[in-house]
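Worksheet: one structure, shown below.
Each chain gets a letter, A, B, C and D, in the order it is written, and its residues are counted from 1.
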Amino acid sequence: MHENTLLEVNNLRTHFFLEKGVLKAIDGISFRVAKGETLALVGESGCGKSLTAASIMGLVPSPGKVVDGEILLNGEDLLQKTQKEMRQVRGSRITMIFQEPMTALNPVFTIGWQIMEPLRYHRKDLTKAEAKERAIELLDLLRIPLPRQRFHEYPHQLSGGMRQRVLIAMALACDPDLLICDEPTTALDVTVQAQILDLLLEIKEKLGTSIIMITHDLGVVREIADRVAIMYAGKIVEENSTHEVFNQPRHPYTEALLNSVPRIVQGERQEELYQIPGMVPNLLKTHQGCLFAPRCDYAKELCFGVTPEEHLVLGGLVACRRYSEEVDLRELN
Amino acid sequence: MILFRNRTKLYEEVGMADVLRDTGLYKDAWRRLKRSPAALVAMGFIGFVVFLAIFGPYLTPHDPNLGNLMVRLKPPSATHWFGTDQLGRDVFSRVIAGTRISLFIGVVAELIALTIGVIMGTIAGFFGGWVDKLISRLIEILSSFPFLLFALAIMMVLGPGIINIFIAIGLLSWTNVARLIRGQVMRLKTSEYVMAARAAGANELSIIFKHLIPNCMSTIIVILTMDIPGAIMTETFFSYIGMGVRPPHASWGKMLSESRMYMRTAPTYSIFSGLLLMLTVLAFNTFGDALRDALDPRLKNK
Amino acid sequence: MLKYAMERILQSSLVLLGVTLITFILLNVVPGDPVLIMLDQRADQLTIDRVRHELGIDRPLPTQYFEFLKNAVRGDLGTSFFKKRPVTELLSSAFGATAKLGLMTLAVSLCMSIPMGILAAVFRGSIIDRAIMFLAMLFMSLPSLWLAMVFQLIFGVFLAALPISGSETMRHYILPVAILAIGYAGGASRLIRNNVIDSLGHDFVTTARSKGVPEFFVVMQHVLKNAAIPIVTLIGIQLRSVLGGAMIIETIFSMHGLGRLAIDAINTRDMPLIQGNVVYTATVFVVINLVVDLVYGLLDPRVRLAGGES
Amino acid sequence: MKKFLMLSLVGLLLLSLLAGGVLSSPVYAGEKILRRGGDFGADGHIDAMKSTFGRVSMPYRHVVEPLMGQRPFTYEMYPLLVVDIPTVSDDGLTYSFELKRGIKFSDGQELTSADVEYTFNTFFDPATNCLNTWMIDFILGAKEMMEGKADSLAGFKVIDDYRFEITLESPYAAFPRALANDYLGIVPKGAHSAAGDRWGIDILVGTGPYTLESFDPTTKIVFAANPNYNHNVYNGRTLKARVDKVEFYNMDENTRYLEFEVGNLDHTPLDLTMAQEYLNRPEYAENVQIENGLSQMFFVMNNSMKPFDNVKVREAVAYAFDNTKIAEIFFMNLWPVANTILPEGVPGHDDFAGYEYNPEKAKQLLAEAGYPNGIEFEMTVSGTGIAYHLLQIMQQDFAECNMFTTIDQVESGVWFDKRSTGNVQSFLGTWGPSFPNPDTFLYGFFHSSSADFLSTGHRNPEYDAKVMAARAITDPDEAQAVYNELERYLSREAFVAIPGFNQPSVFLLQSRVTDVVDGAQDGLLFAGLAD
C-alpha cells in the first residue's frame, strides 16, 4: 500500500438479492484513490457507479448487500465497521454530494440548519454560535453571496446552482478526506456546470480533498479528473490517468465511449455520431466471457468464453483479452 | 431497512428499468398483487362473499325470513348452525341472505358515488374557472352538512327501500371521489401527452374520454375497493337508526344492531351477525390497500 | 396573510349561507312536521294551528328564512321547538362533552397511529410492518356499534373496572375514547405509514444519511417534518369529524354531546336546533380548514412564503 | 410560534383532563339516591303543560302536583291539594273545591286559590303554548281564551283564598278525574310568571315531595327531597320522600340494562323482548316486575282506505291475527291477550272470547268481500321496538290467510307525518287512559275527529253522537251498558280495529328499593332504599 493512498477498494462485490435471482450489480472491482487526487468513475447509467459510491458510504439499499471485498480508508476496512462507527465516518471523513440539488436538500429546513447538521453530529466541540460561523464561512467559501442572509433561507428560494453549492458546503463542513460527487453537474445548466466544476477544482487545490467524481460526462472528466476508471456492467474495464485514457483509450468500450461524444472541430462536421451497438447485458443472467463482447467490434470467439483478466498497461490497468501476453500486440490494429 | 433511493430509481440504477416498463399497467399490477399473500387471501374471501351473494338463496338451509317462535335465540345446533334470532329465524340463513343485500349496497352505492364523483371531479378539474369554483363550493357545502339530516332528506324524498339506500349512500359519498378525481385531472391536464393531444387538435370531449378518464382508471378502481367497506358500514348506521332494509329482510347491519341487545343471553347471535361483516370489510380494506400499492402508488396520500 | 384570511372568511360565509339555505329547503321538503311530532297523541286543529303560529312556522317560507338570517347575524339562533331552550345555550352546553371526547379521541388516536405508522414505514415489508398494518386494518373493520357493546360488557359488567355510561369523570371517557380512537387510528396509521415511506424515498434522506445523521434523527426530523403536511390534513379532517359529535357513541354512552343533540333535533324536525347544528358544523369546518392552512405555513416554508408574498 | 402552538395544544388537552377530574359528581356519605333510567326523548324541558309525553310528565310530578291524586295501579282517586273530592251541582256543571290549609310551595309561598286560578288561566292562555288543552276544553270560557277573545277563564270563580268553583259548558262525569293529570299541576303564581321561559328548565317550583336540583336535558335530572312535604296521606300515614335524591338518567335502552346489572340503576323500564331474557336468568328473575295497565294494543286498519273500507275484509283480519299464539309463545303470557277494545277494569269491558286464528275462514271472508286471490297491504312501523317484531310475526300468519303484506319501517318524524295526516294503511297502535275511562278509547281513538290524526279512517256520525252522549251519563250501570254497546260495535260489528294485547308495564327493579306504594311504576315517588 502506498504512503499516499487514501482509499483502496479491493475486489468489491455488491449484489442484489431479488426474487428473480441475484443481480451482480458490482462484481469485483478494485481501485485506489490517492490523497488529493481526483478519480473519475465513468460509465453508462446502470453500470454500478452510483452503487460503488453507496457501497463506500455503507448505504447500500435493502435488497442489496456487499458480499465480498475490502474498502480501506487510510488502511481501515470500512466494511468491518459497525453501523454506528460508519456513521462517524459518513459526513466527516467521507462525504457525498448528489446529482439532484433540487431534491437533495430537505425543503423544510433552512440551509443554515442543514449545513450545521453534520457539525452537530461530528464536531461536538463546537458551540452553536461557532457552528453557525463555520457554516457562514463555508457559504462564503463557495461564493454564495450574502451568506448571513442566505443562512436563514430555505432551499426553494435558491437556484439550482446555489443549491449545489450549499450541498458542497455541507459536504465540506467537517473537512472530509474524501468527497464523492455523484454526477454533481448533470442537472445543471451548462454555464452553472462550469462554475461548479471550477469551484470543485479550487477546493481541491485549497483543501487537498480527494474526490471521486461519478459521471458519464467525459467533458467533466477531462476537466477535473486526475485518473479515470471506466465501469461497464459492474466491472472496471479500464483505469488510467486522464491523459492516457483520452489520448490512448485501450479498452474497446472506452474507445466507443469517446467516439460517441460529439466533437466539434471548426469547419468540419461529423457525419454521424458513433453509437455503441447492442444493449447493456442483463446482470441477472450468468454470463460467460467478456460482458462487452456482444457489443465489441473487436470481439473474437475467445472473448465469449473466457472472462478477461486485468492487464497492466502504461500507467494503468485494462481488462481486455487483447492485452494478454498470449495475444500478439500486432493484432490490435 | 436503509433506502438509498426510491425503488423506481433504484431499478433504473441497477439496469432493471425494463422490469418496470416492459409489461402493461394491469398485467404488471396483477403480477405485483400476486406477490402479496394477504391480498390473495382477501381476494379469495371477496370471491367467496360474491359467490354467497349470487348463489346465497340456493344455499340457505332455512327460509331466512320465516321464523319459528318456539326456537327463539337458541345457541348453534345441528339444525341451526349459527343459532336462531329473536323471532326464531335461522341466523345462518339470514347471514347468507344478508350478504346479497349488504354487498349490493356496498357495490351499487359506491358505483353511484363513483359515477357522480368522476363526472363532477372531471368537470371541475378539467374546465376549472367558475365551474370548478361552483363544484368545489358545492362539495364544501355538502361536506359540512350533518350526515344524518342529509341521509334522511334523501331517503324522504325517495321513500324507503333498498334501492334508495343505495342512492342515499351514493349521494352522500360522491364528494370524496370528486375531490380526488379533480386533483388528478388537474395534474393530468397539464401533462405532456394531453398537451400533445391538444396540439394535435383533439377536442375537449375526446381528451376527457380518451386521455383523462382512462388515466384515472386505476384511481377509480382503488377508490371503489377502498370505499365499499365504508358503504357497508354506513348501512349499519342506517339500520341502527331504524332506516335499514325493509323488514323482515336481513342485512348485516340490521342483524348486527338487532343482535346487540341479546349479547349476554345469546352471544353467538351477535358474534355470527358481525363476523361476516367484519371479515368482508377487512378483506376489502386489505385488498384495496394491496391493489393501490400495485396499481397506483400516487394514491398513497389519499 | 390577512387578505388571505379575509378572503377565506368571505368564502366561508357564502358556504354558510348555502348550507343554511339548503337545510331550510330540505327541512321543508322532508316529511315530518314538528307540530305533529309534538302532539303525538291527539290534537284538534285549533291547537295545531296555534302551536304552528307560536313556533312561527305558519309564516311564508322566505320570511322564515330571512328572519332566521337576521337573527343569526346577531348571534341569536332562536329557541329550540322541543327543548324550549335557546339554541346557542344547547349547543354550548353540548359542546363541552363533545370537545372533550373529541380532543381526547384525537390525542389517543394520534398517540397510537403516529408510532404505528412510523414503525411500519421504517420496517417496511418486515413482519413488524405486516403486524401493525393488519392491526390497523382490523381497527378499521370493527363496527363501533358492536365494539361499544363488547367493551361495555367486558370492562363495565364482567370486569366492573370502568363506568358503562355517563360523562362525569375522566374514567367515564375511557371506553368511548378508546372505541372512537381505535376507529380513527386504523386509517390514520396507514396514512402516516404511506407518507413516511414516501418521505423516506426522497433524496434528502440519503443526503442526511450521508452526513452521518443517526437513523433515529433521520426519521424523526427529516422524514417526519416532511410527512407532517398530509398528517396535518388528516388531523384537520379527524378534528372536524370528532367535533361534529359522535352520534352512536354519545347515545350508547349517555353523553351529553352534539351528536346526540343532532339526532334529537333531526328526529323531531326541530328547525332552529338543526339550523344551529348546521351553522356550528359549517363554522367548525371553516375554522379548522383555516387553521390547517395556517399550520401548513408553519410546517412548510414554501407555503408560508407563497402566502406571505401574495 | 411553533412552540406556542404545541404548548397550547398540550395545555388544552391537560385542561380537558383536569376538567374531567374536577367535574366528578360528589356523593356524600350516607346520602340515599334513587337512580332511575329512562328515555327522555328529545325533550329539553320538564313542563308537562308543553308536552304530551309521559317522559316529561313523570319527572314533572316529582315537583308539581295536581289538585286531585290517583293511586297508582288501583286508579283510586283521592284529594291531594283539596280537602275532599269536589262536589258537583245538580245540573252537573259546577264543581266546588276547597284547598287544604297550610300547603306550601317549595319556595315557601302558601298555596291559595289565586295560584289555582293562575294555573288554569295559564293553561288556556295561547301564549303558554299548552299542548293538552283539548283534554278539558269543555270548561266554560276555555274556547274563548284559546281563541284569544278572553283574558281569563269564565268558568273559574275564586270564592276566597281557599275556595273556588269551576263551571263546565256541558256535563262531563269524569271531570274530577281529568284534574288528576300532571299537566294540570298547580304552579305558584309569582314564581311561574317570574320564571318565564326558564320554567321547566332551570326553575320548577311546586308543592310536590321533591325540588328540582339540576337538569341536564340529554343526560340527567336530579331531584332533592322536599322535607316540608306533609299533605299526602295514604292508609293513615303521611307520605314523604324517603330518599335524599332521585336521579333520572336518559340512556340508550341497552345501556340502561347494563347499568342496572352493575347496580347503578335502581329502576328501568324493560322492553318486552328483553323481559324474557331476564326472566330466564335466575339472578334477575326476581327483579323483573310486571304490572298490568290500562293500555291496549290493537291492529289498526285505515277504514277509509282500500281494502279496509270493506267490513268483510276487516272481519277477515280478525281471523288472521293470531294474538293468542303470540301472547303465549312470544310474550310467554307476560302480555295478556285482549279481545276487546276496552281493557279489563274499564266500564264497558266484557269477557268476549275473541276470534280464533282461522285462515280458512279469513280466506272465505276475503272471497266474499270480492278478493278471492287475497289482498295486499302495507303495515307501517317506526323504530325497532315491540311492534316491529310483532309485525314480522304477524306477516307470516297473514300470508297464510292470503293477506300479503309489506312492512314499511319509517323514521319517527315521517311516521308522525304520515299517521297524523291519515296516510297510514295499517299499524299496531297502543292507546291507554291514565284512569279507567272508556271515553279515552271511544272518543280519543275512534271518534271521527281522530280519523285522520290517528289514521283510523273511522268516520261514523251515529257513533260519534253516541259517544258524546255517553259522556254525560253519571249512573254507572247505565254507562256500562252504553259503553258495552259501543265497544261491541267497534270490535265485533264494524271491526274498526282488531284488539291484540293488554300492554302491561314491565321494568327492572332492584331488590334494595323499599316502600313501593302499590304499583311500582308510579309508586316509586315515595320509595325508599334499604341500606
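Rule of thumb we're sticking to: contacts are C-beta pairs under 8 Å (C-beta built on N, C-alpha and C of every residue); 3 or more make two chains touch, one makes a residue touch a chain.
Note that the coordinates shown come from a computational prediction; the quantities given were computed from them, not determined experimentally.
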Closest chain to the centre of mass proxy, which here is the mean CA position: C
Pair of chains whose C-beta contact count is the highest in the structure: C-D
Centroid comparison with chain C (C-alpha atoms), farthest chain: A
Between chain A and chain C, centroid-to-centroid distance (C-alpha), Å: 53
For chain C paired with chain D, centre-to-centre distance based on mean C-alpha positions, whole Å: 38
Euclidean distance of C-alpha centroids - chain A vs chain B, Å: 50
Averaged-CA centre spacing for the pair chain D and chain A, given as whole angstrom: 90
Two or more partner chains touched - positions in chain B: 1-5, 152, 156, 241, 257, 260, 264
Overlap residues in chain A, where contacts from two or more other chains coincide: 59
Set of chain C residues in contact with two or more other chains: 30-32, 149, 153, 157, 202-203, 206, 209, 266
Contact footprint of chain B on chain D as seen in their complex: 253-254, 271, 273-274, 276-277, 280-281, 325-326, 329-330, 381-384, 388-389, 391-393, 395-396, 406-414
Residues of chain D that touch chain C when the two form their complex: 1-2, 5, 12-13, 16-17, 19-21, 23-25, 41-45, 47, 50-53, 126-127, 129, 131, 133-134, 137, 146-147, 197, 200-201, 216-219, 249-252, 254-255, 258-259, 261-262, 264, 411-414, 416-418, 420-421, 444, 449-450, 453-454
Residue ranges of chain C touching chain D (in the complex, touch as defined): 30-33, 36-44, 46-47, 50-51, 54, 79-80, 82-85, 90, 93-94, 99-100, 103-104, 107, 149, 152-153, 156-157, 160, 163-170, 172-173, 251-257, 260-261, 264-270, 295, 298
Chain C to chain A touching residues, read off their complex: 202-204, 206-214, 221-222, 225-226, 299-302, 305
Complex interface listing, chain C residues touching chain B: 11, 14-15, 18-19, 22-23, 26, 29-32, 122-123, 130, 133-134, 137-138, 140-143, 145-146, 149-150, 153, 157, 190-191, 194-195, 197-198, 200-203, 205-206, 209, 215, 230, 244, 247-248, 262-263, 266, 274, 277-278, 281-282, 284-286
